[in-house]
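Written below as structure tokens is the structure these notes are about.
In order of appearance the chains are A, B and C, and numbering begins at 1 in each one.
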Amino acid sequence: MAEKQILFAGFGGQGVLSMAQFLAHAALSAGMHVTWVPSYGAEMRGGTANCLVTISDREISSPLTENPLMAVILNRPSLDKFESRIKPNGTLVLNTSMVDRRPQRTDLEILEMPMNEVAEEIGNPRGANMILLGAYLQKTQVVQVDQALQYFEVIFKGKSQEIIERNREAFLAGVQYAQNNW
Amino acid sequence: MKVVAQRPESLTDAPFHYCPGCTHGIIHRLVAECLDELNLREQAIGICPVGCAVLAYDYFNCDMLEAAHGRAPAIATGIKRLLPDRLVFTYQGDGDLASIGMGEIVHASGRGENITVIFVNNAIYGMTGGQMAPTTLLGQVTTTSPYGRTAEQAGYPLKMAELLAQNQGAAYICRTAVNNPANVMRTKKAIKKAFQTQMQAKGFSMVEILSTCPTNWGLSPLEALEWLEKNMIPYYPLGEFKVS
Amino acid sequence: MTKVLMKGNEALAEGALLAGCRAFFGYPITPSSEIAEYMARKMPKMGRTFLQAESELAAINMVYGAAATGNRVMTASSGPGISLKQEGISFLAEAELPSLIVNISRGGPGLGGIQPAQSDYFQATRGGGHGDYHIIVLAPSGVQEMMDFAMQGFDLADHYRIPVMIMAEGTLGQMMEPIIVREPVTDLPPKPWATTGCKGRKPNIINTLHLSPEFLEERNLHLQHKYKLIQEREAKAETFMVEDADLVVAAFGLMSRIAKRAVMDARQKGIKVGLIRPVTLWPFPEKAFQEAAEHVSKFLSVEISMGQMVEDIRLAVNGRVPVEFYGRIGLIPNPEEITRQIMKIAQQEGWV
């Protein structure tokens, strides 16, 4: 697999860092090289948060990029900030619950999901980010869904069984959403 | 022949460099006698200040360090945390302890750091040539208060024993003087009590010792002892401020 | 060997613990606080000492006292805090007390910002405080090296009786990468000079005051002799595609990995470009640059500063080859940005 750089962005509290962290763990568990670089500091405290994950089957040189191949965008300010930076013909995953405009780029593969509504529907509002991540992985297979599921226990090591189950449930809801809608 | 007086084992045979009439020599000897009598020389680690006593590592016959100006309590903390069964003491002057090292001394006492501080207060910077100290008395002439210290210009002299005694972590705080034989003996008792406080792991201990600086005060050694009694003791009352 | 995903700051802290670090003294500052927090969680359970000092000055002096007991000890901070520590670092250098000092660096001057920077390079490599001294400065480029350099740092510190600094951009402290957790060190060198109480031996003295001018000079010559030895033995650089290069990019720390990406991208565009990554910032790996200067026609120093390491490269090549500079502060240059700089030079030189 060639090197892929995926940007996650949204409000602090939307679970941006943790969904990116899940992906990083899943990639590691699947035997790939990975880096996880968060924005930090003042931005983390109430403002927007973003995080860049790089996954590759070879050693990763730069964990940073101007132009990520994919972007997972959870709110409007993040779309405004990052839309133009996505690599040509890249992928844009959008949480339409919090983004009230259409993307302007026409070259991108656009995957939309009203993440917060879907989460409400399945009665798991706190799992919203995992729903989107499940859908994202099902569609892109950046890390194989089967493999990610296999390592759930490892990834959530130290968390209670209930939390693990809630997250797995949300993740699987996302997988199903992608199968039905994308 | 009976020996009635000799050099304590805890002092080396290096001759003191202190000025004639300076009371540092007396205080060094008292510290050394206490180390000897409590049989602590081989477990003692001392820290010298910046100031006249900077060379005290040449005089004390135990493991010694020399600190940056005012930092002795932080260094003592680092040592004591790793070697809690040793006797760790700092030997500091008034500029070192109450001015540039105010942060370190307040927090060491606040933490109840189990160390002993020998605080020599002679109301002046000795080594740098007689500048105003945080303990310089109102009206006292120094090279940086040439018209006498005024409260308007330089504020009031700090009473360290009283200040530190307020901290819960302080276990033993005492102020003594070395202006006459009786006070010298009281000082020795206080130093011993401070060392014992530490060896019993009770917390922070300090003995503030009112001391003379004939050279920078511009007085003869005898006049200096009188000046101490007349001027310093009324402002810096002697006694124990905290005992636990 | 299974790998675990760790944050740079935590990997560094864990590395220090594996190396036998007995005490940590620190003061909170972004972006290095996680090191202190990690130590605060771990050390008490291991029977080791964690103490939050009242100030950076107190922290470095606690390191001084604790190092004097012969134990492996450390502190960590960031730019403004490292400035405050300089008094203590000068004393540590002259007292020859082995110790580890970590600078998870941010942009200055003044309070600056909390974003990653490399603008403490001068402070780190020139000594930083008063007097003629140096400390060894290691610049890790990834999370594995955060752990490994913490361990190597203690070894170097003990071997040469010198303070060692690890300087890493704030981003490196925050980022996660999978690493192999090393085995704990069990064999530590004896330190007969330590002040531990003089039972069964003559008293030890640790001091930095030398009133006799002859002895002061002797002490300085002793330190210089040691520094020369360290320069000969410990200067370290990594090179990448330098052999046939017309242009060599120089970068250290995390920045060097970003520069490496740019070098690979520019190679794809047919530019003969290579990379030198100083691993030790002091001693500066002059030889790598001098050897490259035999055949390259230009150097480009890329830094997250307004140009500091570039001066060392110029000193190393001594006018034989022009040395250009590209830097940002407040943000890390992206690989795309550096590739554009390389292409700009390639055009000026007529390589494309």
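Rule of thumb we're sticking to: contacts are C-beta pairs under 8 Å (C-beta built on N, C-alpha and C of every residue); 3 or more make two chains touch, one makes a residue touch a chain.
Quick caveat: nothing in here was measured; it's all calculated off a predicted structure.
A centroid comparison over C-alpha atoms places A as the chain most distant from chain B. Taking the mean of each chain's C-alpha atoms, the chain closest to the overall C-alpha centroid is C. Chain A and chain C have CA centres that are 34 Å apart.
Averaging C-alpha coordinates per chain places the centre of chain B 40 Å away from that of chain C. Inter-chain spacing, taken between the CA centroids of chain A and chain B, is 63 Å.
Across the assembly, chain A contributes no residue that touches 2 or more other chains. Residues 3, 5, 30-31, 113-115, 170-171, 174-178, 254, 257-258, 260-262, 264, 332, 334-337 of chain C are the ones that touch chain A when the two sit in their complex. Residue ranges of chain A in contact with chain C, taken from their complex: 21, 24-25, 28, 33-38, 40-42, 60-67. If you check the complex, the residues on chain C that touch chain B are 22-23, 25, 49, 51, 53-55, 57-59, 61-69, 71, 73, 87-88, 91, 195-200, 203-209. Residues 41-45, 47-48, 54-55, 57, 60-68, 71, 74-83, 86, 103-104, 106-107 of chain B are the ones that touch chain C when the two sit in their complex.
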